[in-house]
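The structures come next, written out as structure tokens.
In what comes next, subunit A is part of two complexes: it sits with subunit B in the first one and with subunit C in the second one.
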Partner chain A sequence: MNNIPAHIQRLIFIILVIATILLIVDLVIIISILSEKISAKRNAKRRSEIREKIQQYITAWLMEEDLNIQEFMSKEIANYFSNIQLKFKLFREILYEEIFNANKVLLGDDQKKIKELYTFFGFEQKIKKEFFRYKWYKLVNATNDLLAIKALENSTMFTELLDHPNQFVRLVAIKAEISMGGDQVDILSEIHFPLSDWEMYEIISFLKRSQFKQIPNLSKLINHESITLKILGLKLANIFQELDLDMDAASFVVHPNPKVRTAIIEYLAECGGNEYLNELKRRFATEEEPVKIAILKYVSLHGTDDDVPFIFNKLKDAYPAIRVKAAETLQNMNSNSMSFLSYLESNGDKSDQKLAIHVLNKF
Partner chain B sequence: MLTFFSYFIQFGLFLYCMMIFTSYILMSVRSWKVLKHHKQANLNIDFNAFRQNPYLPSISVVAPAYNEGVTIVENIRSLLSLGYNNLTLIIVNDGSKDDTLEKAIKFYDLEKVDYYFEYRLPCNEIKAIYKSKNKAFKKLIVVDKANGGKADALNAGINVSYSDYFACVDVDCLLEENAFEHLIYPVINSHKEVVAVGGIVWLNNDAEVYHGHMVKLQIPNKFLPRIQLIEYFRAFLLGRTAWSSINGLLLISGAFGIFHRERVIEVGGYNKKTVGEDMELVIRLHKLMLNNKIPYEVAYVPTPLCWTEAPVTKTILSRQRNRWARGTAECLMLHRDMIGRKKYGIIGMLSFPYWLIAEWFGPFIEAFGLIFTLVMILLGYINIYFFVAMLGLVFSMSLFFSILAIQAQETFFNRYSEPKEIGRLFITAVLEPFIYHPLTVYWAIKGNYDLFFKKTHSWGEMTRTGYAPATAPKKP
Partner chain C sequence: MKILIAEDESLLLKLLVDKFNRESFEVTGCQNGLDAIDLYDEVQPDIVITDLQMPFSGGYELIFHIRKTRDAQTPIIVLSSTNVEDKIVSSLELGANDFVEKPFRFNELIIRVKRLLGTSV
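Entry: the complex of A and B
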């Protein structure tokens, strides 16, 4: 080692230091993972014991008919847990989980009783603290919990969050605002970020779950400059069967965005008349696959015998999926068009025969 | 002169080493951030609600089967139990020589049907298409075709499919019940066109499986599968997660992934001339979208959704690695025009050069570096202390990434509960650089040799040992 030049010795020293540091880091990670695993294994039994007791206790409270929560607590709580237990973090964590698990599966009065438990143990304060945490998921989880247990109080904080860069925060803010009684369309109109399909599904299913009979003023959303809000508006109009809309449907049919065109055609198919039949048939050849499928659906719902040649023509489309949809349109439009399909099954060329069999057998 | 040459090579090797480690560090940091976000996001997505949703894109699962007679009934049962609402299951019997088709016909009450389809992608003759008479299996389609290999069978399945997306799945893989709900999420949550989505494939050797469902997962008992498990942790958790976050993913595992059906048809389907058909398809999809300047995404879901059995013997593992090496080389050569081209963005400027240097040339550089250093030590041009110190650094770094990958598994998925099992995994990680890594380097070099000098293009046989005896799950 003495023969080695000084600069090489220094380099060897630096390399060895780096290697040693890395090995120490490895060791620390290994020890921390293993100790965590061992303690988790030890805690697992304790957790399940606590969980079982808490479940028994919640069931007893749900079965209780005579006492109010204060009386029940003063009488029953000692049968299940000690006051010291109630202060333990692990205990409160499991209690919180079980209250929300029960809330998910219960309805009506039972759900109200669960909410009383939640209030009694002061979990409201715990959740509110989460609102002021830096981490986005703490805020989202807290709001979702409040929504689930129907304990969301009026607050202005969610209005600002409608434009939050994180989509989960935005989504939960929309739900919170709507739950607090805000006008659905006004709230949705505030969103400046484009909505993804998933966000639209979430909003639609939330509105359906909230049991709104109708969404007033949907025209505002449909005529919004944001493309995705326009699409959401049309989808909502379709689902909630809003017939009285103030919109220029003709301009949407030729809208540059194919998703808008698909949404308006699907809406017109379900809620409109046959006035767009010729226009849509004319546009068919230049459209993209999803729009073509929407047009065929429109034709199947509003078409007449006069449209059979048009559909027949589509049985030779370049895309097999469109051919199958066209054959399905024949099958569904009316009894005359159906008989054309049956004719194809017996008298068409081999390819048409196969197509007819495919559709008639619902493959 | 020799001294200068020795320094020059040493400097090159040192640079290579530093480049690889730096890229691993960057990937690990990036992956950690993505995994953390993904974990929190997943808690706020109701995947069960997807199951009932009829508006989600439809998916056809295309599962090629060749000589799977022993397990075909169980495998189909497992795939049929997937919960996705808009799902069709297409089993492609690729000219099996055993009773694969007969067993499927008998058990699932199949009959020949006049199913309408077109040969939009090249594939060997489709002899017949079967559907079940039993309404309970109405999602099932069995295609019987002349043997043509995996890529050919997948092309046949795509020809028969009418879904928006198709999934390529190895028929013997076990999928999580909500695998497709997870895979479709990036598709419906992106503002760009999602042409492909991959998921994590993990190993389940020695797991207890009952009726196509995993009852108990455990760390593999044997050394070889256990060491591969660490490799999978590194590749899927630290590697692909990072690449996908910058839309630079070049490979979606052939065992499990979904693809945009029309886009795949547009690029000509699977290439039958390469053994790396999965990677080659992804590259062609990148190329198509980048050439046409269409905003797109090749997405990745960092959640373990697919379970497969790792090779347990050196012979079979060597064949698999040989094939992977050949596949990588073939794909990179086929699409060499993308390397370093600005037009191809991240793919051309980052992913391709990385794959070229780290994945294809890596084994050659490593082998050359080791031999060169040993020769130089013998000739007295390199100091033995320096060599030992460098060896220590390389070992500590490679161990660090293995430990980090295990830590990522623990932090974000925590699929293994026994501390003893995790302990064994750590010991395996320590042994890996000495016992296993030199072998993988050798197999990769051998694969390249076979490709260029023996012109080998075959898959090589892969035998499976099967899961632990199927027993009824114990009641909790």
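Entry: the complex of A and C
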């Protein structure tokens, strides 16, 4: 060793130190990974044990027909739900999840029993505290949970939120107001913000899911000065097949906003008569694509054999969506008549005939 | 009467098993379509209740197995959260006898099961 020059000795020493450090770092990493894995496994096992117990408990509670919740809690199966357990965050978290899992799939008395559990464990009170948090998403989540468990009671706070700058808060406020029922179903006409397509879709889906016997005052919505409320009103009238509406349909057919024109034509197609047939065919050429598609739907439901040439010409339209709609329209119109085939016989154009054969084969 | 229940949500499966046990059914439950196909051959149930979307293989595959591979007429009830008309129609076309949409009432499901089995309601 003494023969090795000093600078080489220093180099060997440095290499040994670095190697030792790397070895220690490796060991630390391996140990931490292993301990992480063991702890994750232990946690998963614990979660699954807790979940199993909670599921047994919920099942026992739902099968119980004669006891109220206080009496049930004195039974042996409820021992596990001591105050000590309930203090653990993980336990409460899983209990909350499972109550919602059950709530999601049950109806009627079974759902009411799930709601009793929710209230009994104090989740309702706790979640209502989230209303007053600064973070908007906590308010949204809390309201959605209370809506799902049907635990939303009369509250005036949502009226103020209808004009909140955040669209998620506005939407949840609308849903809350609607679900609280009564005259508040008319709350839609109190909205001052223009609704986005997404908001409209969500409101319509919510109303459909809620299966309300009383739908909003649609005439009020349709005649509202807000364009988006007008459109929402027409879409709802179409979905709920509301025939008794106080509105000037003729003025909507020529409304400057194409979305209003589309909505009224779709409504008239489903719920109206054929009085607009000629006017809509006349307007077709100058209309925008979505309005054209709505017109084709109207013609398919109210048109006669005389309208076949009009639709047939649309098979050659520049827009693919219109060509497809025209083909579907021809197929619908011809389910009860031979007008399409008669038209073909009278039409000597070879390319027209080829196109028609293609459409017939396709549909 | 033997009943096979295929449902991937563990809590709902427990509830269904417990409920039908109380109605004096001999219940076998599983959480995926693949197990359900094996159990169908093993248990030979009198009626099957199945979810549509499950891990590994779903309710459609189970219905197909019962109707096409085994050519059996065992009554099948689909219990699913899907409210898409196409899915309801296609499961009925494939051979399911009934469709119960989630959320549902236990009592309604029990009545439908008993009706299909021709036992007293």
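The working rule: the second predicted complex is superposed on the first by the 277 of 363 C-alpha atoms of A that agree within 3 Å, B and C clash if a C-alpha of one lies under 4 Å from a C-alpha of the other, contacts with A are read in each partner's own complex, and residues count from 1 in each chain.
Rule of thumb we're sticking to: a residue touches a chain if its C-beta (ideal position, glycine included) is under 8 Å from a C-beta of that chain, and two chains touch if they have at least 3 such contacts.
Bear in mind that the values here come from a model prediction, so they are computed numbers and not experimental data.
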item: Subunit B versus subunit C as contact partner of A:324, first or second or both or neither; value: first
item: Partner chain(s) touched by A:107 [first = subunit B, second = subunit C, both, neither]; value: second
item: Touched partner set for A:289, first subunit B, second subunit C, both or neither; value: first
item: Contacts of A:201 with subunit B and subunit C, given as first, second, both or neither; value: first
item: Which partner reaches more residues of subunit A (counting touched residues only), subunit B or subunit C; value: B
item: Contacts of A:38 with subunit B and subunit C, given as first, second, both or neither; value: first
item: First, second, both or neither for A:254, with subunit B first and subunit C second; value: neither
item: In the complex, subunit A residues that touch subunit B; value: 1, 4, 8, 11-12, 15-16, 18-20, 22-23, 25-26, 29-30, 33-34, 36-38, 40-41, 136-137, 140-141, 144, 167-168, 172, 194, 196-199, 201, 205, 289, 320-321, 323-324, 353-355, 357-359, 361, 363
item: Residue numbers on subunit B that touch subunit A, as the complex places them; value: 40-41, 43-45, 49, 53, 55, 113-118, 120, 131, 162, 185, 188-191, 262, 383, 385-386, 389-390, 392-393, 395-397, 399-400, 403-404, 406-407, 410, 417-419, 422-423, 426
item: List of subunit C residues in touch with subunit A within their complex; value: 9-12, 14-15, 18-19, 22, 81, 102-107
item: List of subunit A residues in touch with subunit C within their complex; value: 51, 55-56, 58-59, 62-63, 98, 101-102, 104-111
